[in-house]
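First the structure, then my questions, so here it is.
Order of writing sets the chain letters: A, B, C, D, E, F and G. Residues in each chain are counted from 1.
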Amino acid sequence: MVNGIDRPLDLLNSAKGKEILVQLKTGKQFVGTLLAFDIHINVVLDNAKEVENGEQTTSYGLTFLRGDTIIFISPATKA
Amino acid sequence: MVNGIDRPLDLLNSAKGKEILVQLKTGKQFVGTLLAFDIHINVVLDNAKEVENGEQTTSYGLTFLRGDTIIFISPATKA
Amino acid sequence: MVNGIDRPLDLLNSAKGKEILVQLKTGKQFVGTLLAFDIHINVVLDNAKEVENGEQTTSYGLTFLRGDTIIFISPATKA
Amino acid sequence: MVNGIDRPLDLLNSAKGKEILVQLKTGKQFVGTLLAFDIHINVVLDNAKEVENGEQTTSYGLTFLRGDTIIFISPATKA
Amino acid sequence: MVNGIDRPLDLLNSAKGKEILVQLKTGKQFVGTLLAFDIHINVVLDNAKEVENGEQTTSYGLTFLRGDTIIFISPATKA
Amino acid sequence: MVNGIDRPLDLLNSAKGKEILVQLKTGKQFVGTLLAFDIHINVVLDNAKEVENGEQTTSYGLTFLRGDTIIFISPATKA
Amino acid sequence: MVNGIDRPLDLLNSAKGKEILVQLKTGKQFVGTLLAFDIHINVVLDNAKEVENGEQTTSYGLTFLRGDTIIFISPATKA
């Protein structure tokens, strides 16, 4: 699974179409399907759901997340 | 609906003329019709309304929102 | 009124010479006549008045507002 | 007095040699004679005095103020 | 081990494939195997685990950490 | 003394070799002899002393201060 | 010792291979041997030790410190 990750954005590229977890600086998290990203780490999620303290609180559908509010992004392998 | 979103700004482009929800870093939200945006994610809303704790508090009409204060933008599909 | 706003700065351009409301990140607001702006959203207001909790607290006359302290700008259509 | 202000920096240019009020993000203000500024809004004041809650607290003489700490600048027309 | 570190990124380069500790501005730490980094200090960890007060709290697997949230990175020589 | 200050950095240039006061965003101040500065307002002080509430607390000798932590710099004319 | 410091980075260059003190914006300090730095003031320390309230709390060995978290750097002349 690690193969092919030479640059950080390679991980995001390999996660396109898959569910990811996005941790925001505000303390909240989003989960959703990664549709697109750019070099600023702006991302677009489909079926985006806000998560607070491990519970999904709000569904937003398609959502644009501004990159400078993001701490980390992880493909959601735990679910 | 996902078709055609290759880059994050494609979502904003497809939302022009539609109602969007904008979450600010201050904790407040705006809803309004997206008229324009740029690469800094500066956006102009028409019929902009400030939302706090789910309640619309103030109407501003046409409003310019500076991109660096934005956490996320979502087309308002819940209403 | 929406016609002609293709880019976010078009709204500021159309507001030149008119009264605008400027929301700062500090929580304070300014109202005044928009004289000039640039791509950093630095703005110059004439007859600038600071507003706190809806009340005008201080008059500053001509005022330069640094763009990176601004959350949103709205032509003052409510007055 | 408004004539000739096409860009935000025109106000600062017209204020050279005059007393200005500078509001910092820290909540403090400086008053002093504007000697110089640049595109980062770095400014140099002569006879700079720190103002807190409307009272002059400290005199600094010549002072360089870093632009990114500034909220607004206004020619001191109230004195 | 110090040999060959002429520029700061040389340390990250020499740590590829090894376990590192990443301290975030939020106060949390991550440990994991460094797979990739770029000039923004964006990093990708494999087997990423969040550490709080010295205890591993959550496992994320592959994780992209945004560089501007990072305080320091150290190869995990203590374990 | 004001002569020759056309740009903000001219003040710093004229203060080379002299004692300056540096106010940091953290609330602390440094005094010391200005040896060098650059366009980021990074400065190097000799005989740098940290000042808190008007009292010198720590001596650091030669010190590099990162520009983005600086609020203002003033030649120390009060001593 | 002051000779040869024309630009701020000259101090860092002259401190290579020597022990330095690094003050972070978080309030913590690091001491260690300076191995490398770049124009962003990213630094690599060897034998890096975290210092809190004057006491060494944790040893990290080789450590990369991100420049934008640094307030000041001083060669450790006090020890």
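The rule is simple: a contact is a pair of C-beta atoms (placed from the backbone, for glycine too) under 8 Å apart; a residue touches a chain by one contact, two chains touch by 3 or more.
As the structure is a prediction and not an experimental result, all values here were calculated from the model.
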Smallest count of steps, each to a touching chain, taking subunit D to subunit E: 3
Intersection of the contact lists for subunit B and subunit E: A
Cα superposition of subunit B on its sequence copy subunit F - rotation in ° rounded to nearest 5: 155
Intercentroid distance (Cα basis), subunit G paired with subunit A, Å: 35
Centroid distance [mean C-alpha coordinates] between subunit G and subunit C, Å: 43
Approximate Å spacing (C-alpha centroids) for the pair subunit C, subunit D: 19
Touching two or more other chains - residue numbers and ranges from subunit B: 68
Complete ring sequence of chains beginning with subunit A, oriented so that subunit E follows: A, E, G, F, D, C, B
Subunit F-facing residues of subunit G, complex: 1-2, 5-12, 21, 25, 41, 67-68, 70-75, 77-78
For the subunit D and subunit F complex, residues of the former touching the latter: 24, 26, 30, 35-38, 42-44, 46, 48, 59-66, 68-69
